[in-house]
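The following pair of complexes shares a single chain, subunit A, combined with subunit B in the former and subunit C in the latter.
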Partner chain A sequence: MRNPLADVPVPLLDDLIDDDYVRSLVVGVVGTLGTLGLLGLLFPDSVAGDLAGIVFSAGTAESTARLAAPIVLAGLGGIFAEKSGVINIGLEGLLIISAFASVYIASVIGIGNAVLGVPAIWIGFLAGIVASTLLAGVFAVVCIEFKADQIIAGLAVWLIALGLAPFMSTVFFGGVNTPNLGASVGWRYSATMVVIATAASWWTLNRTAFGKHLRASGENPKALDTVGVSVSRVRYAGVLLSGVLSGVGGSALALSIGQFVGSGETMVQGKGFIAIVAYLFGNYNPLGTLGAGVLFAGLDATQIRLQQLGYAVPDTLVQTIPYVVVIVVLALVGRTRIPAAAGDHYETEE
Partner chain B sequence: MSRRDGGRLPTAARRVIEPFVDRSVAERILISVAAILLSIAVGFAIVLVSGRIAECSTAAWTMPVTGLGFCYDPFEVYAVLFNGALGYPLAIGEPGLFNPSWTPFNLSFGLTLSETTLLIFTGLSVAVAFRAGLFNIGTQGQLVVGALATALTVLALAPLLPPGPISGIALVVVGTLAGAVGGGLWGAIPGALKAYADANEVITTIMLNFVAANVAYVLVLEVFRAEGSSVVATRYVPEYAQFSPWLFPDSSDFALLALAVGVAFIGALYYLVEHTPFGYDLRTSGVQAAAAEYGGVNAKLTTVRAMTLSGALGGVGGAVWVLMSEGRWIESVPDLGFDGITVSILAGNNPLGVLPAAFLFGVLKGGALEIGFRTDVPTELVGVLRGLIILFVAMPEFFRMAGRYAGLGSSGPGGPETTADDSTGDDGSGGDGTTGDAGAATRGGEADA
Partner chain C sequence: MNPAVHLDGITKRFPGVVANDDVDLAIERGSVHALLGENGAGKTTLMNVLYGLYRPTEGTVVVEGEPRSFASPRDAIDAGIGMIHQHFMLVDPMTVWENVVLGNEPRTWGGLRVDEKAAREAVIELSERYGFDVDPDARIEDVSVGVQQRVEILKALYRGAEVLIMDEPTAVLTPQEVEELYGVFEELTEQGKTIIFISHKLGEALSAADEITVLRDGVNVGTVASEDVTREDLAEMMVGREVLMEPATTPQEPGDRVLGVTDLRVEDDRGVEAVSGVSFELRAGEVLGIAGVDGNGQSQLVEAITGMREPESGSVEYLGEPMAGATRREHIDRGMAFIPEDRHEKGLVMSYDLVQNGILGSQHEPPFAAGGRIDWNASTDHAESVIEAYDVRPPNPDADAESFSGGNQQKFIVGREFERDPDLVVATHPTRGVDIGSTEFLHDRLLELRAEGKAILLVSSKLDEVQGLSDRLAVIHEGAFTGVVDPATVTEEEIGLLMAGETLDDESVSGAAIHDAVDDGLDGDGAGDGDGAGDGDGAGDGDADDESGPNREPAADGGVEA
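Then we have the complex of A and B:
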């Protein structure tokens, strides 16, 4: 008998490099940066010089690493969920809940204290991951067990976290913003976690049996069922992994500052949705997601530094640059192929 | 039942429509009511848990039997929420069931109806898009843009007209139209991106929310800011160019006329969606885009039109917000667009359902203000309930399973069962047939702990 899984396409790096738009964008980004660097060197006193100074400064690199963590990690999580056939549009909610939980637990334990030899800040980090994974678990049960519409349930996850985190913050700290912990996780940790998670995700997706099951579950669940692997179980694993990875991202975001900001759209500010664009941009490839995430984070870091320089352009207008770029990128990559069975409920045939 | 036929749009469309077409209206209403009750039960648990963790000097409520003290009294929270939203028609702690001095034209009820009116427009905005298979999460941004367009138009035209009721009517009409145009154009952007570049509208609309908020803020900050204003806001539009509050107190920010306009919009939208060729195009491309295209519907154009209409409705919501509630554009725009998602989902994306759903959510919002005045519980609780309601409405299968489990359709909402539901939520142990509910409540509790 023919193995039905053999039909499942295996995305390799080629997928990414073959795409015209990615190639032109990579060339575009490298070209822009190169031109900027050259202009900066030749005319150090011009606007280009200032901009080059910002883009190539160590400070910008640090905040890029800090800001890239939530985008890349949530994006990697999104790949696992969507590859398994569950579109997780609630990544934003997972980031929010983990950002809050990490700061809350760290402050309950108290900076300077330790549990079983682990410093409070790292206990907080783990708590953020646990909170995010639990919320992802609720999402998984609702989507897989109760056949909820994935998009609407994902929106619900976002809105629940958007309500719950400021609510809890007000309960515990008397305001939607938590006080600053007075300690933080350095950007080097964020960068390390991003690199490790990207490599591990690539390995899991492309080189393990689990990765093969994930892809089959999203592309052709019936085939997976036929060979005796439970589609539900694979999908649960995919969604829970998105919770774990988003939890790492959310904790890293909040603890790199040492505070949770809950006003407006909270400190996450759409990074979960940008993460979705990042993995679409990367065509479901972890390496592509890393590239896209770093690009978006770099834009954000540059705009933050630009504000500090005090150009006549209002800060708030500069802040919109990353969002506009995300829209433009999405318009360019809109035609990515999503897994065939993503969004559909799968009924096991006994 | 794995389906491999559909492309991207049909799958997405089927997802939206399926839960709402193959089911009777009665079941739909039943599920909405059950979802609300379940959200209230989970909210109850959240209030209890956070009341246990929060710090206070005296317990607001002590649990019977166990003797555990809680900082928040969940019964009081809901009593204040629902009773307060209506202006305390029920007397609590005094002889007699009803408060003799209560009239419907009180401040609290006015605030509730004010929220209801605004939510009608944002709810319709979301509903129209969802019916066309488009997840417009951008009503918030469309409202912000529409509100600014309204404020600027009225402020620009007011000096040209002699003050008086006639020019007031003209300004309100023109201002509302400006809001519709502003919101409509803002909504057309994600519509065109979806139709011609296949860009996922969920993401683009959310990104455009950020852009709208920031751009409007900068415009007002740099160009249109009222002199001497401590907040970022435009000047007030003239009093005569605002909806005037008949019968209700001025401070309630509520005008019956605006509510009447909202109800008229509901009727018009219902007719448009159900009984016109455009409505037919809209619904068919929502259910099955490929089939609609085959049947001669221009799906791309319909997408752009639906998003424009949806944005225009959000913009009208913004116009009413300016002309009825605030009297000017101010930076702190309330979350009306996001609440519109809940209203629409609760209404089964049916324009007629928007009225009760908007009123219910208006009660929650109006009651939240009372919670803020009378209890220590943070008003953000309503934000949590908003998300929970969406989550539960999205999982009709859960209620069917619970219904089957409980026996023949006994999951129905009735007077006595309502109280039974509350009491099981209270003691935390699932009773007969509501074990599922208790399980969900526990999950909610764990997720936030």
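Then we have the complex of A and C:
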């Protein structure tokens, strides 16, 4: 089935996105928002008017940015790992561990203190990235060196973080939820990081030799090996980058509130899995992932605001939207192309 | 002047095996050198020594007069040696230029950015210098296998290769692409490059190489100039005894009709019609050969006959019964043996051992199935008997299929299928990848089956094979038979014309009695409800296509004087 939006001519985007599926995704999101805005202007008293009021309110934009940061950043990380041939379904775990580590370290140092002139909250931010990268490193060793099944190892990463973070919170703070730091990282910082990370990821994947090697490693590792590039080194780099980016996402999520919430599914609440959905929906293109991440986060933010206005929108239903979308995209549109060697171990023959 | 490459007394021992025994080989600069030998003769090992994948146990590799010791292929590449593997090492969704420069990308911006412009220009420049017709921006998955091979050559040239080693370069090519490859050889050698290619095909060694070295059991049997030898000489050098190049078929009166195919139309996976109204009959004790360039509908025709693909219309009748809607198991149970063209995909389960592979297709019936269990003793005995009768090496039924070489895998499949006691054998490329000694044996066995009164449908891209074994020879082009000829009297040129889609007016060639099955009113008798989608048996009476199809196919009905 051909994507009906694929033929919309958008010459400006042509250079940036050489994939008409992703291009149509971006056009679709922009088009839907535009239509909604127009309807809202024309019929300000209707549901569309309320909806447009919410969607285009500063409050929604803020919470969208907050909610989108972990999804988009973990999604970008997932692209690096999967393009290299390692499917990292442990993104959720990386988000959890970095969310906790960032808050913990910031509170250990103490808000108001600084190390080498860097305020505690930013030290915490870095600590979140380090924690996530270390956990991703363990995952990489298990998958690449010891050739464990990537799906099972990825689930283990999630389950370890899901158990470890609330446990450590209980040990250090006496409860699964940490106390609030009383300081936070503003949403503008998160939004800036998302934009920079998206652009940098796109450029790295499409313009650098490393990007080409990453792609070859996930499509036909033997081809890369025979031209003298170490496949496992490229794969380690891909998985560690997924750790770094997820770490940025997890820290941004926790520090935007100033607290780690460890009850239930923790404050991450499946955003790592939605990140996987986002990059699949975005067809491994960082721009598509950004679009998908903002779309999912926007739906969630809108849903929250609608509830506040008294509309009985079931939140659990809204939260299933990303998963329904990915099934539709994978099954019907069928334009997402998974790297040929993703999930396979590679053993050099020399 | 020094030879481009001199292998000086190379011996390579593996635990328990001597793969190369004191091999001496000097290859002139600017020449094409064929390394000929049977499976397991040590050709690939020798080339892996030259390419730095193996270190020789004894002996030296001398390149351009300098003794070298390669620790890895990188060293060999640095010394100007490039290898083109049989299975291409290309990244499908990437473009030609990206593949060529992969791992050695020119950079700008202080090494940060790939210099696409420089890379494309380098690829275009190389491609033009050697007369390759390659679009640098095409994706690998969109270009033909022949072009992919040229991209592999470009990869080696881009890395400064002076000596190109090619492992069975024609194995995956169509006859036209093979001709083009020979042209590429000429271009390359004219500009001073040296080519060594590994082969077990006599014909291509004779037509493409300047010099031929024959290896047998790891020993260099001799290096000869290609104009000084005949196929028979080479075959004898390879096998170590005289080889009958022409299988000896004896005339035989065919028996009852085993297979009847009527106006068969089959679509390929993309929904394009691949078989356009083919009709023929096959009788007991008869071999019908189907010749044609690969990809002209042979696969789909065979799949429709063996029950692996539902035809759009037309019928297949086997032993007097229509086969429409019959499952694959029913086909096997009714005595239809099938040697598939792709042994990895359809012939074997690569991660099963030969015992398990040996009972595939018969696992549900005695003697292998006993009371809901599989009788592993009987299965092992069966695998061992096939291994012994068909000389599968190493003779280890407990080894996984993937650990065997292609030729030995093929021998095992052929053995399994031949020993099913079938009424019909559908054999596609039965000797693909098999060395001449074993090919001779498989051919003899095939003719024995014919003498026992089995019907055999033989699809092969090896012209001498189909011509030598068949009682009748059908030539297929774009899904339709362009002619059914008597292989004893037809010339290779005539077959070539038919393969290219021409027809022959010469009645004497089409000695086989031909009539049009459709005109005789044998209209798709398997046709049932005709309710469209999912109804595989298809052809409703009065289907407009049946009356007006442009490719009305002659059905030769067997009465040939072989």
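Just so it is clear, the second predicted complex is superposed on the first by the 292 of 350 C-alpha atoms of A that agree within 3 Å, B and C clash if a C-alpha of one lies under 4 Å from a C-alpha of the other, contacts with A are read in each partner's own complex, and residues count from 1 in each chain.
The criterion applied here is as follows: a contact is a pair of C-beta atoms (placed from the backbone, for glycine too) under 8 Å apart; a residue touches a chain by one contact, two chains touch by 3 or more.
All figures in this text were calculated on a predicted structure; none of them were measured in a lab.
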item	value
First, second, both or neither for A:L205, with subunit B first and subunit C second	neither
Touched partner set for A:A148, first subunit B, second subunit C, both or neither	first
Subunit B versus subunit C as contact partner of A:L299, first or second or both or neither	neither
Touched partner set for A:K222, first subunit B, second subunit C, both or neither	both
Partner chain in contact with A:A99 - subunit B first, subunit C second, else both or neither	neither
Per-residue contact with subunit A, leading partner among subunit C and subunit B	B
First (subunit B), second (subunit C), both or neither touched by A:A156	first
Touching partner for A:P314 - first (subunit B), second (subunit C), both, neither	first
Contacts of A:D344 with subunit B and subunit C, given as first, second, both or neither	first
Residues on subunit A lying within both footprints (that of subunit B and that of subunit C)	220, 222, 340
For the subunit C and subunit A complex, residues of the former touching the latter	53, 72-74, 77, 85, 89-94, 98-99, 102-105, 107, 112-114, 155, 159
Subunit B residues touching subunit A - in the complex, by the definition given at the top	1-4, 8, 11-12, 15-16, 19, 46, 50, 53-54, 135, 137, 193, 197-200, 202-204, 206-208, 210-211, 214-215, 217-218, 221-222, 338, 341-342, 345, 378, 380-388, 390-391, 393-395, 397-398, 401, 443-444, 446-448
Contacting residues of subunit A [partner subunit C, same complex]	207-209, 212-213, 215-216, 219-220, 222-224, 226-229, 337, 340, 349-350
Contact footprint of subunit B on subunit A as seen in their complex	89, 97, 131, 134-135, 137-138, 141-142, 145-153, 155-164, 166-168, 170-172, 176, 220-222, 265, 269-270, 273, 276-277, 280, 314, 316-317, 319-320, 323-324, 326-327, 330-332, 334-335, 338, 340-341, 343-347
